[in-house]
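There are two complexes below, and they share subunit A, which is joined by subunit B in the first and by subunit C in the second.
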Partner chain A sequence: MTAPVQTEPDTVTRTYASYSRPVWQRILLTRELAIIALLAAVYLYSTGNIDNFDNPLTLYYLFLDTAPILLIALPMTLIIITGEIDLSVASVVGLSSVLVGILHQDAGLSIPVAALVAIAIGAVAGAFNGFLVAYVGLPSLAVTIGTLALYRGIAVGLLGTTAVTDFPEKWTDLAKDRLGSDTSSYPVILVPFAVLLVLFALLLHFSPFGRGIVEIGLNDEAAHFTGVNVARTKLTLFVLAGAVSAFAGVYYTLRYGSARGDNASGLELQVIAAVLLGGVSIFGGRGALHGVVAGVLLIGVISSAMRLDGQTVNVINIVIGVLLVLSVMSTSLLAWVSSLRSARTGARGPSAPPPAPTPNHPSSTFSSTTERQHP
Partner chain B sequence: MKLNRRVSAFAALTLIAGLGLTACGDDGDSDDKGGGGGGDLSITFLPKNLGNPYFDTSDAGGKKAIEEFGGTYEEVGPDTGTPDAQVPFINTAAQQGVSALVVSANDKTAICDALNEASDAGVKIVTFDSDTDAECRDLYINQADAAGIAKVQVDMIAEQIGDEGEVAILSAAANATNQNEWIGLMEEDLAANHPNIKLVDTVYGDDDDQTSFDKTAALLQAHPDLKGIISPTTVGIAAAARYISTSDAKGKVMVTGLGTPNQMREFVEDGTVTAFALWNPGDLGYLAAYAAKALVDGDITGKEGDTFEAGDLGSYTVGPDATVLLGEPFVFNADNIGDFDF
Partner chain C sequence: MSTDTLLVEPSAVSPSRRVIGGLLRSREIAVLTVLLAVIAVTTVKSHAFLFSGDSWRDLLLTPSILLLLAVGQTVVIITRSVDLSVGSTLGLTAYLTGSLFVDHPGIPIVGVFLAGLLMGGALGLVNGVLVAWGKVPALVITLGTLYIYRGIFLTWAGSDRINPSDMPKDFLALGTKQVASIPVLTLISVAVLVIVGYYLHTARGGRELYAIGSDPDAATLYGLTVSRRVVSAFVLSGALAGLAGVLYAARYGTISSNAGSGIELQAVGAAVIGGVAIFGGSGTVWGAAIGAFLLVTINRALPIVGIPDFWQRAVVGGLIIGAVVLDRVLSARQERKLVEARDQS
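The block that comes next holds the complex of A and B.
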């Protein structure tokens, strides 16, 4: 009885469509687009209904305030897609902030030199995380919880409870400068962000390295056997995270004109929340940068709209928290709905292979093409 | 199914197109400045963080004042006291065009630019409790000055021990600037006005509960005739009171200094402590609200010598550096401690 079942696929020529859905569906019906649509909806609603929201200052402040999150979210997205996490990013921001302050004030270095040194040390801090995760094989959650405390400790230890506030106005003004006219909504920090966004998008979505990142997230052993250098990829990503976080620290220091050890504490959770909201799977293997950028902006727009509406921070936190939970739930919910749908329409689907191999679980064949599930 | 997908896809497209269009539209009429608040008096309180009983008390004082003179009170704030966390709230207040912002700064520099931008937008800036750099605000409401703090503690201990006998000081860290300033002033005051009180020792508990507790024990052993301990730090006074309350010295050695009602409540109730001092945060917020109103109305500009009325608290004069002093520290005792929760 088993023999014919096994040979059947060989005798009947199966035809698979390249994709289960037409291209417009694959582009539009994604979690990324859902977040972008939600962002647009919230933005439009707020523009029409919240006093002062349509003021160009709203967007200007929004970009200024979310710039560190936008920046760090780029490498964080790649790290989370590999199935790892980096909790130490905010501590690297603090460390870099303190270093810029000390190097400028005590060592007399100019701001660009101090910034470059801080970014280099940020990269080293990231490399330390990456080495422990990729080559020693420790879980990134544990490693970066440790370095979260370690780097923050060094930062606070270096400067104590004092703050360095003596920065040249030229540089502190630059951090808040606008592109184009004086009333423009777009601060100059968006330029380095745009450059990094393009670089990270090329890296993740249009390069073999990026395919490797996704593969590692789906199954790192399989990735290894297909020729992906798993350890080196992870190390590279942690180094990038360290360097970008340190750059965010330089921006942070100049933006507020104050280098303190406790700068940006708690920022890592805002970054991770935005990345997850943007449709990146915490289990790895799935995610895209346009969704993440929308996720960061969505949280920013909701916060500033609710602040302008006079809501307290607790209400804002509740709304964002609920949104995040719903967004994480939606992945499983959508998968479940789509599996139900496949079960019902299964045999009639145009791209379905003629005989369903295991009629009791038809969902597995179909859902795997739309939503990559992974233990 | 197909239709549903198409509809939702279309909706998504429309929204995206809408985003692009509105973004463009925004740039077009960007001259429209915020500040539509106008007319009535709106004062926003921005404490270091929300859910802090100290600021709940001070902001309630501000609310009371604003209700008295008929303005709009609002309290906003971050949930953590990180240096930059107040900036978005300051920006928001500037955009809303509130009349005045009353803020306790988490960082004296980090919020400066935001405050200056708000000031440019016509918002009057009053700091209270914790100041910013002087050029970033119109007025600072100072809760207490060193001379007042030193004097109230000497007066309390003198009254409690009958103006004669041995006393000691339990301080925080040996190099704490404010503590040392107060101790210096207390020594002068004791020498000049209380010749029968002898300051036998000054010990340092490093603002650590256990160290302060141990230092109290050591003080009592080293000075068997000790009649009073002054601890000008909230950690020290609570630790000293806890030690005394469980030792034989209870009732013989008086403890006083600077403390908060919630910390000291049980020791006041069990009689270990008869009185201690701090400022009244409620009055601080109340005064800050009246000062904000005076600035908005143009009664004062923050110049030294300007005077304004602050409701029940009476008349105040602006001192040097655009600072207003709340007044003498507030003495808490068994009669009034029940009124406070911070």
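The block that comes next holds the complex of A and C.
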């Protein structure tokens, strides 16, 4: 590449596209805030126009039902930011659900001990994924499609078509308990979620490890040369995903009071849809946890509002699918619009320097990756 | 290093040795061997698996639907994409088939097949256009359309389902009919397989799909119509899923709301087991077809060899992982050989 270095002394162009816009734009015009604004708009609209939506029970069940997705979305975000994917999370949920059931019923372990064992096994399951992806160097899509079938198969194989349902009421009630008064809309599961959210936010956004995650997603070779231990980082993330999914499995079991092999099947697609809706780039290197939490809640609010409005789950699925497609298309659409605009202003040259500030900065950074990975 | 000598010169070896060596190393033969071994072991265990009345028919008939999906999936994966929406497409066209018979009694069977193909092709076209011109990874788009198509299917079907009594006898008979002891559905699937396989192997369009999958940038620079080829791969995959939906209706007669759900992962699994690299550019539909046969046959064989059929999915998962690891090991060995060849020259 012999692109002439263009020096334009009279216009101040920053090297880093992200810093070429004023502060308020950088803070306000992001994917994350767009999703949060959409969430707020949908929430306000539903409160005003849909009967019973303002009932505290609505919010309570919303949290209760989306809790597994909220939990698993945390490690999934980190994994997708590195450019990998984990399709096996829902199978780990099923596996840990079955393990809790069997360990409690057949081995006579108390619930906390059984839960700890299940979480440990979930971490091992994640480590297996992580080892194959990070150290053997296999594509995570293929590996986790395999373990999706494998872990689900072990779960179904262990219990067959039977279900374990005799759990102590103390624990099943705890899973459905509320914070504070009996009419509060906030279930207890939000406490471990909040703790995990803070931990994952610190890990991703405020630690060298987290910067390494983003760097791997942008360019893993460059990350390697700047001293990031790429393989170990990926392994760690898959282990975290396994452990958190197993914890979600324990919650799922107690929440519904039943351990079955096919618990939570298909949940992985919901998690990934929510994460991508929350502004995480599937190519890696971009994403933030507040967007992801808003993405999960957006799907939750839309589905509970539509259900209260008398729509079936099918229409809700269509809406979620359309949202997912639109949200990922928006990046390319914005890039396309901005390329049209820069073409019109005539600022063109063979491989021009980073295209003039686009309305959506990350899209410009990623369009090159996009083109490289997909026609 | 001189530039006019190749690192590896396949043409230096005599043609017959090349053919034999290629066959020995080929993934298709390896998977076929495993398939035959599974059939042999199961038959030794229980003669009924191969020799009783319907079992020979079932052996060929059961994989035919997955085979179609695996062929379509392979074509898409070769271009470095993936199509997760085929299960929903299958469900939707299966229901379309049933409702066509309900609404227009006396519609010719050929018309139903055409409708299924067109419907599936249209759904595939939506995927392809979004993927190729949206510049968004196929995984995400087809995940979205998986939801959308299934939602449309369920909204349309509501709570009613199609029963065998809704469809003409001729059509249902097609599901189990045999010609020279080979089921008609299998013949249809194999015919599709042969056509697609021949096209991929010899036609310019087929080779271009491989080129796009190995290196999209190079393909663009070379002047290939990348977007159009990718769209047509998705249309093909959708149309085959549509055809599979019609066959599904003929085979099972009952179409409930969960028709085809989860089968997309089996189709990807069959392709991966058959040696189709998930990052595109290599693999054949023959391998994927044998992979589909292997998956289905193992499912049927497990209970016979005494493993409860609940473990089927675990075995399938193990197979997929085994196949991916094997691919990795083989390609690492190939790379080492090439490096050695370079160092010697």
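Here is the rule we go by: the second predicted complex is superposed on the first by the 318 of 375 C-alpha atoms of A that agree within 3 Å, B and C clash if a C-alpha of one lies under 4 Å from a C-alpha of the other, contacts with A are read in each partner's own complex, and residues count from 1 in each chain.
Following the convention adopted for this analysis, contacts are C-beta pairs under 8 Å (C-beta built on N, C-alpha and C of every residue); 3 or more make two chains touch, one makes a residue touch a chain.
All of these numbers come straight from a predicted model, not from anything done at the bench.
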Exercise for review: Considering only the touch criterion stated at the top, classify A:317 as touching first (subunit B), second (subunit C), both, or neither.
Suggested key: both
Check your understanding: After superposition on the shared chain, which partner residues are touched by A:224: those of subunit B (first), subunit C (second), both, or neither?
Key -> neither
Practice item. Based on the superposed arrangement, let me know which partner A:269 touches: subunit B (first), subunit C (second), both, or neither? Key: second
Practice item. Quick one: classify A:148 as touching subunit B (first), subunit C (second), both or neither. Key: second
Exercise for review: Check the residue A:290 against both partner chains and state whether it touches subunit B (first), subunit C (second), both, or neither.
Suggested key: neither
Practice item. Tell me which partner A:33 touches in the superposition: subunit B (first), subunit C (second), both or neither. Key: first
Practice item. In the overlay, answer first, second, both or neither for which of subunit B and subunit C A:232 touches. Key: neither
Review point. Who does A:205 touch here: subunit B (first), subunit C (second), both, or neither?
Key: neither
Practice item. Starting from the residues of subunit A touching subunit B, keep only those that also touch subunit C in the other complex, and list them. Key: 265-266, 312-314, 317
Revision key, fill the gap. The residues of subunit A that touch subunit B in their complex are 24-25, 28-29, 33-34, 36-37, 39-41, 43-44, 47, 51-52, 54-59, 61, 65, 163, 165, 172, 176, 183-185, 252, 256-258, 260, 262-266, 303-304, 307-308, 310, 312-314, 317, 341, 345
Exercise for review: Under the touch definition given earlier, write down the residues of subunit B that touch subunit A in their complex.
Suggested key: 1, 5, 8-9, 11-13, 15-16, 18-19, 22, 26-27, 30-34, 36, 50-51, 74-80, 82-84, 87-89, 91-92, 94-97, 107-113
**Study point:** Contacting residues of subunit C [partner subunit A, same complex]
**Key:** 79-82, 130-132, 134-141, 143-148, 150-155, 212, 216-217, 219-220, 226-227, 229-230, 262, 265, 268-269, 272, 278-279, 308, 310-321, 324-325, 328
Point to revise | Complex contact set, residues of subunit A against subunit C | key: 85, 132, 136-139, 141-143, 145-154, 156-157, 159-161, 261, 265-266, 269, 272-273, 276, 282-283, 312-322, 324-325, 328-329, 331-333, 367, 370-375
